[in-house]
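Note that the chains are named A, B and C in the order they appear, and that numbering of residues resets to 1 at the start of each chain.
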Amino acid sequence: MSHPDVPALVVVVPLLTGLLTALALRGRWAWAAATLSSWLVLALVLDLALAVQHAPGGVVSYALGGWAPPVGIEYRVDRLNAFVLVVVAVMGAVVTPGARLGVEAAVPADRLHLFWGVWQLCQVGLLGITITGDAFNVYVLLEIGSLTTYTLVAMGKHRDRRALTAAFQYLVMGTVGASFLLVGIGYLLQVTGTLNMADMAARLLEPETARASGRTIRAAFSLIAAGVCLKMALFPAHTWLPGAYAHAPAPVSALLASTATKVGVYVAIRFLYGIFGRELSFERLPTGPLLLVCAAVAILAGSLLACRQRDLKRLLAWSSVAQIGYMALGVGLASKAGLAGALLHLLQHALVKGALFLAVGALVWRLGAARTDDLGGLGRRMPWTAGVLTLGMLGLVGVPGTAGFVSKWYLVTAALEQGLWPVAVVVLVGSLLAAAYALKVIEPLWAAPEDLPPPAGAAAWGGRESPFSSLVLPGLVLSALSLGLGLGLGGPAQGLALAAAEDLVPARGGP
Amino acid sequence: MEWLRLVPYWVYVALMMIGLYGAIARGNLVKKVIGLGLFQTGIFIFYISLAVVDGGTAPIAREGWEGPYTSPLPHVLILTAIVVSVSTMAVALALVIEVQRAYGTVEADELAALDAEGTEA
Amino acid sequence: MNAERRPLEEQVVVRKTAKLLIPFVVVFGVYMVTHGEIGPGGGFQGGVVIAAAYFLHALVHGLAEVQRVIPRRVTDALAALGVLLYAGVGVAALLRGGRFLEYAALGAPGDVVASRALGMTLVELGVGVTVAATMITIFNEVVDDGEH
């Protein structure tokens, strides 16, 4: 049985180690502490996820400070956030060890302890948003996660000053988004008189509440939807994302692309399905069509723009805009299969984008840059890195055998179930466009002639593979996980995603 | 006098819109930060207005007074939000200083021009 | 004309007023931090008041002087230590068999009121230290125009 204090420890452990890292450790020790802490968090989260599976009702609740909910702040783990917690913790535990060399190249040695401290605080924010059952807590932790993210992105300034303007733009958009969320939560507080999300949902269901304050609820809904879209970078609120991911140090992009926007998607699902409820969000308000249109534009425009990029980090960033579109698509379908597809896509995209950004980080570390023009013949010189890149790109396309295929299969099935064949067409066209930009990367890696001149800025390179254990292995682990998911070995993850979707969208005839 | 009770809400919406306009439409990064500050201050006023209870006093227990008190919860929330806002301002200003050091300007259009040069090169 | 051009630290009235005020500002700030558990005040407000004393000192005597008295690394460390104190209270409650931040588990068993007072005072102290140190750091960061 799981220890009752585990939910608190998931957040407290990285908080304590992060502060101690910034306070007392230096250089490589700071990285070691961050790694150990991320592994400890992973162990705690896995323990928690198992506890949720066996808990009555599938919910583990923790009353902070001993104050019983709904008065006190509650940490509430059900199948949905258990799933997202596992994603965030896995990505933290794999990306942190793989981030050391890239970070040491990007951040001055006397600031490393601060970097790793902030890195852990960022995880505190992301884990906290996911685990908490209190709406105001979501706002505060969202801001902790965001503020640390802005600083992490700005750390790219030593290599590329554009990181600063990108971080500033991210800050303005992120703050506006979080503030909209704050106003929306204020409206909900006024209507329901509570901040506990489960309690809020129950009170919103009462018919007299809906009658007396229907307009306030709709205003709250719009404000929260706007805020969440900014945070998860859904088109047309995606403009901060490409710059931030392209100019941040590659390990930071790996962490953010695989966790930060995913947590944004989680917050969207939590508010749409968990608090406002499926009936209000999708049957009384036209959220579904709106989400589907935004998602379709995100998929098509994001993929098209990704095709036009020559810088690999920027290419991956635009592809992220498109991939978030797939998740929004699943959320907008408002069916069990659609939601399960969104959750699976969340998981698979976290794994794949994490691996891709780590591989790009390895290229940047070796070559000084990662442009599609410089990739010629790298398949022979850096076979492992090139292999991770190739597998990741295939995953983005959704080739059968990769996890991307599984999640897109769910999405297409869900769309056809409801007779929305244009949605299925969008998914297919998006995948074709993804194939176009994937080929732009894969083709030169393996098909270029043997004797290509080494790229500029790679004087000290010598045509060697990246250091295996510290740069290549984490990417390989993520690729292996993604392949495993694609080859049907991801039973537990798939089961958890389906169960979470079932909790949120009860089968017809249910309560 | 019913309209008087709604004044804080009008003020909140006006402040928020002015702030949002500043944060988005202004070209100077410092003015954007000021806009963000106004935007968030508007929200604080909204929350504080929520807390009002007719005839309520400050929520401090004292002898011989059984209530009503204004609701302390929004005050506590806003105290936290103010701290968040101050931290955001701090990070934003630190970024502006770094931008000034790296680019020599804090005007968004000049920064965009300088960034575009970097991409061409 | 000439008087207006003189730097702040040469102006007798400003200097003497600041010298008179700063101790009271600090004491009032500490009072607010420690009083927060039973009345208006608390770590946030008190911490800012304490930081204001630092700003006043810096305005009158210059940043270099005040940074000599309280170096940057001290405030950096204090900012982290304050949060650690906060989290430490939470962990202490965990270790004593309560929930995270359950103040009632802190003191002698049974004496819930005193335990809660103790917990809140410690937490407010942590918040106060962190807020004061952070405000000072922000001030230093924004005012200090030199290299970091």
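Basically, contacts are C-beta pairs under 8 Å (C-beta built on N, C-alpha and C of every residue); 3 or more make two chains touch, one makes a residue touch a chain.
Treat the numbers as computed from the prediction; the structure is a model and nothing was measured.
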Chain-level touch network, classified as line, ring, star, complete or other: complete
Selected interface, B-C versus A-B, where C-beta contact pairs are more numerous: A-B
Rounded Å distance, chain A centre to chain C centre (Cα mean): 36
Centre distance in Å when chain A and chain B are each reduced to the mean of their C-alpha atoms: 27
Inter-centroid spacing, chain C versus chain B (mean Cα positions, whole Å): 23
Two or more partner chains touched - positions in chain B: 87
Contact set on chain A toward chain C in their complex: 5, 8, 12, 15-16, 19-20, 22-23, 62-66, 117
Residue ranges of chain A in contact with chain B within the complex: 136, 139-140, 143, 147, 150-151, 154, 157, 160-162, 164-165, 167-168, 171-172, 175-176, 179, 182-183, 186, 189-190, 195
Chain A contact footprint on chain C (complex, rising order): 77, 80-81, 83-84, 87, 90-91, 93-94, 98-105
Chain A contact footprint on chain B (complex, rising order): 16, 20, 23-24, 29, 32, 36, 39-40, 43, 46-47, 50, 73-74, 77, 80-81, 84, 87-88, 91-92, 95-96, 98-99, 102-103, 111, 115, 118
Touch list for chain B against partner chain C, complex: 58, 60, 79, 82-83, 86-87, 90, 93-94, 97
